[in-house]
Amino acid sequence: MNIPRNELLAVGAGLAGAAVLAFLPLVTEGFWLSVSVNIMLYAAICTAWALFSGPTHLVSLASAAFFGVGTYSVAIFIDVLPFPALVLIAVAAGALLAILVGLATLRLSGVYFVIFTLGLAELMGQIVTWVQTNFGGTIGLYIFTDLTEAHLYWMLLALTVIVFMTGWLINRSRLGLALRIIGNDEAVARHVGVDTARARIILFAVSGAFIAVAGAIMAPRYSYITPDAAFNPMTSFLVVIMALLGGTRRLWGPLVGVVPFTLVMDFISGHFPNQTAVIVGIAFLAIVYVLPDGVTGQLESLFRRRRPTDQGLLATTVEEGR
Amino acid sequence: MLILLTGLLLGGTYTLIALGLTLQYGVARIMNLANGETLVAACFVTFWLYTGYGINPLLGLLVIGPGAFVINWLIYAWLMQPLVKRARNRGMLEVDSILATFGLLFLFQGLMLQAFGGSYFNYEFLARPFSIMGDSFGLNRVVACVAAAVIAAALYVFLYHTDRGTAVRAVAVDPRAARLVAIDVRRTAAFAFALGGAITACAGTLLSTFYTFNTSMGVLFTMKALIIVIMGGVGDIRGAVLAALVLGLTETLVASLLDPGLTLAANYALFILVLLFRPQGIFGKRPA
Amino acid sequence: MSVPLLAIDRVRKAFGGLVAVNDVSFEVAQGELLGLIGPNGSGKTTMLNLISGALSPTSGNILLSGQPIAGLAAHKIARIGVARTFQLVRVLPSMSAVENVVAGAVFGHNRLWGGEALTLARELLARVGLKGREEIPVAAMTYIDQKRIELARALASNPHVLLLDEWLAGLNPSELRIGMELIREISAQGRTIIMVEHVMDAIRSLCQRCVVMNSGAKIADGISASVLADPEVVRAYLGDDDDA
């Protein structure tokens, strides 16, 4: 394996950064620690989201569904299994949901996928509610653990590091090459032998499993879990905004959006709780009209314009012959 | 029989919602995810006109329809046109329009939340029993369905028997070819988008006469409309009508036989069946 | 008689009421360079699309070394060993020349990875005349160079059958000579090729045998020189008196 020097440097810098961040709970607590947990949570989810939606250009709104599946994996089995086993259950449940959704939609044109994911969190919530009222007795579930905010922070940090490593490995794998080819020209991809549907489904399963793990890790924070809270569709939308704000062309792009936006959202939900929807709406519009490639994409094209060699069109997926 | 007719009555209103969306997506090529918010806004305006000024919802249509037409025209001209211009291909326009209409979705939802709060609303209009073949139904449901049928029929006549309507259909089939026969594609697309919005708003007005609504239910109706449009085949009017009736019927069946909490699950079940077996729509030809 | 490498058996493709390929049968032997010709709209490209899996036939069989491939997904057919170029050249614009060719080596019939794929890609780029230009982004390349990339990408999968869809179209006379020479070399190395072509000189000089299609049907099949002299073929190209 010959790994380019600059990639090795990036990996080293990333690991060093993560090591420094790991000390954070030792120097702060209370408000700033809980904000940091939120930031780390969205860092993990948004990067995992961009693993799939970045290269495929398919906007997934299923994050809340995966998150909730992870949360419920913990809530249902907390009394019978140790926490690490619950995380594995979340991985399996998230991947399974992604594969089912993928099999139904990812073989077809992208718009079906977006529509399908639009109501998915709501659907999962409805099904869980129905199952619980008809077979389980109560709507909510209690989760008692002795995990503290600092534990959640460390687990989320570890998850973020794993997501990044996975993204990096995918980029270097056959799957990564397949995705680049699909992103360039889907018809060519099929004719050189890429199973385009399979590549997308695998990637969606990886992404979904990670988001489910994030949900599992966050479960102890809620202590009382209801379908409405676990499958809150707003999660999906926030994830899309933050990732797009940062930009999805680079693995670390979403991070750039996560940090400021989490702080802003924290401020808004603290001071103007009723304005959340309006702010989210304006943020979406601002991204589409002002920063279509995200902050990192914008900076990159500014940088590139100064260089003489033009890279040509950065191709996007064309849905061929619908 | 009761379930069958209830389902069909509901399907009447669904038809209208889906027709609005299919005009916007099939002709103007904008996947409008804020479609449900137009519907909800119309519910609230109708409510406000009826309870505040005593204006009959059916008369309200005459205000709400044209109002929604103008607003949607402006949305298209100001917000969608720039996206259409910068899009290099249809895939890009799809992603951009999805994200932009998301923005609108939240903006509208947030504004309505400010104005009306998050609770459920309804009002009494023609809440009398009306009997059909021995079973009794709310008169408001029957009236809404009839009104929906009238509007849908008017739309059909417009699309298939007028020049303007033919232009709209031509753009739906092939914008480039439509331009060659001297159709102003941009104007026609704007017109179709506005008309779609107006029809969705009319559906909202009719829906509000018999349905309990709140500010956050828009997405659910957008989902229903999208599923109907896909099931019927994008741009296919006959398909949309049939699909709407099927959806209304399925929902009613599930709600009365299983659990009213599973209507969305019923929608999804239909959606999955369509995706697996007829992704090109009920009447659609298999893509080559 | 041995099994032909590729057997097209009464293949039919209808788009609604329009029959684009009408019960066409022919066979291609191992190592053959077959010309597939016919006037515009005669169904040649549709035929290639059926073989490569871009379309699936309405009826009929396509056998590759006796194995049925008709109606399989394009990526499966590519893996079994059919590679193609496109009528309007299709490269992967954001990738370099060598990456374009690696794409064929990695996912096609060959299924190489890493260093092996890279070495093969460089070799093939040298073979199609692009030595020293491996790292150039293909979007910046000329038309013929993009065609060379496409050819190298198809060869990289080491296919049993190579389908060239008007690969020589749009080249100027000197490029055409180079292009023909390239095809001749590849064929001489034993590769089985079907080429759809409008350039008659190329068919005459490269292909021993050719199949002629008109309005979806096969109207001639045989030695190029005699087929091209066949009055029916000439009429198909020049048009009948009554539909002229």
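For clarity, chains are labelled A, B and C in written order, and residue numbers in each chain start from 1.
Quick note on the criterion: contacts are C-beta pairs under 8 Å (C-beta built on N, C-alpha and C of every residue); 3 or more make two chains touch, one makes a residue touch a chain.
The chain lineup, named per UniProt: B = Branched-chain amino acid ABC transporter permease; C = Inner-membrane translocator:ABC transporter related protein.
The model shown is predicted, which means the values in this text are computed figures rather than measured ones.
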| item | value |
| --- | --- |
| Chain at maximum distance from chain A, centres defined as averaged CA atoms | C |
| Identity of the most central chain, Cα criterion | A |
| Distance from chain B to chain A - Cα centre to Cα centre, in angstrom | 31 |
| Chain A and chain C: spacing of chain centres that average the CA atoms, whole Å | 43 |
| Euclidean distance of C-alpha centroids - chain B vs chain C, Å | 48 |
| Set of chain C residues in contact with two or more other chains | none |
| Residue list for chain A, restricted to those that touch at least two other chains | 313 |
| Contacting residues of chain C [partner chain A, same complex] | 52-54, 73-76, 78-79, 83-84, 86, 90-95, 99, 102-104, 106-109, 113-114, 137, 139-140, 153, 157 |
| Residue ranges of chain A touching chain B (in the complex, touch as defined) | 57, 59, 104-105, 108, 110-112, 114-116, 118-119, 122-123, 126-127, 129-130, 133-134, 233, 237, 240, 244, 274-289, 292, 313, 316-319, 321-322 |
| Residue ranges of chain B touching chain A (in the complex, touch as defined) | 31, 33, 79, 82-83, 88-92, 94-96, 98-100, 102-111, 113-114, 219-220, 222-223, 226-227, 230, 259, 261-262, 264-265, 267-268, 271-272, 275-276, 279, 287 |
| Touch list for chain A against partner chain C, complex | 1, 174, 177-178, 180-181, 183-185, 187-196, 309-315 |
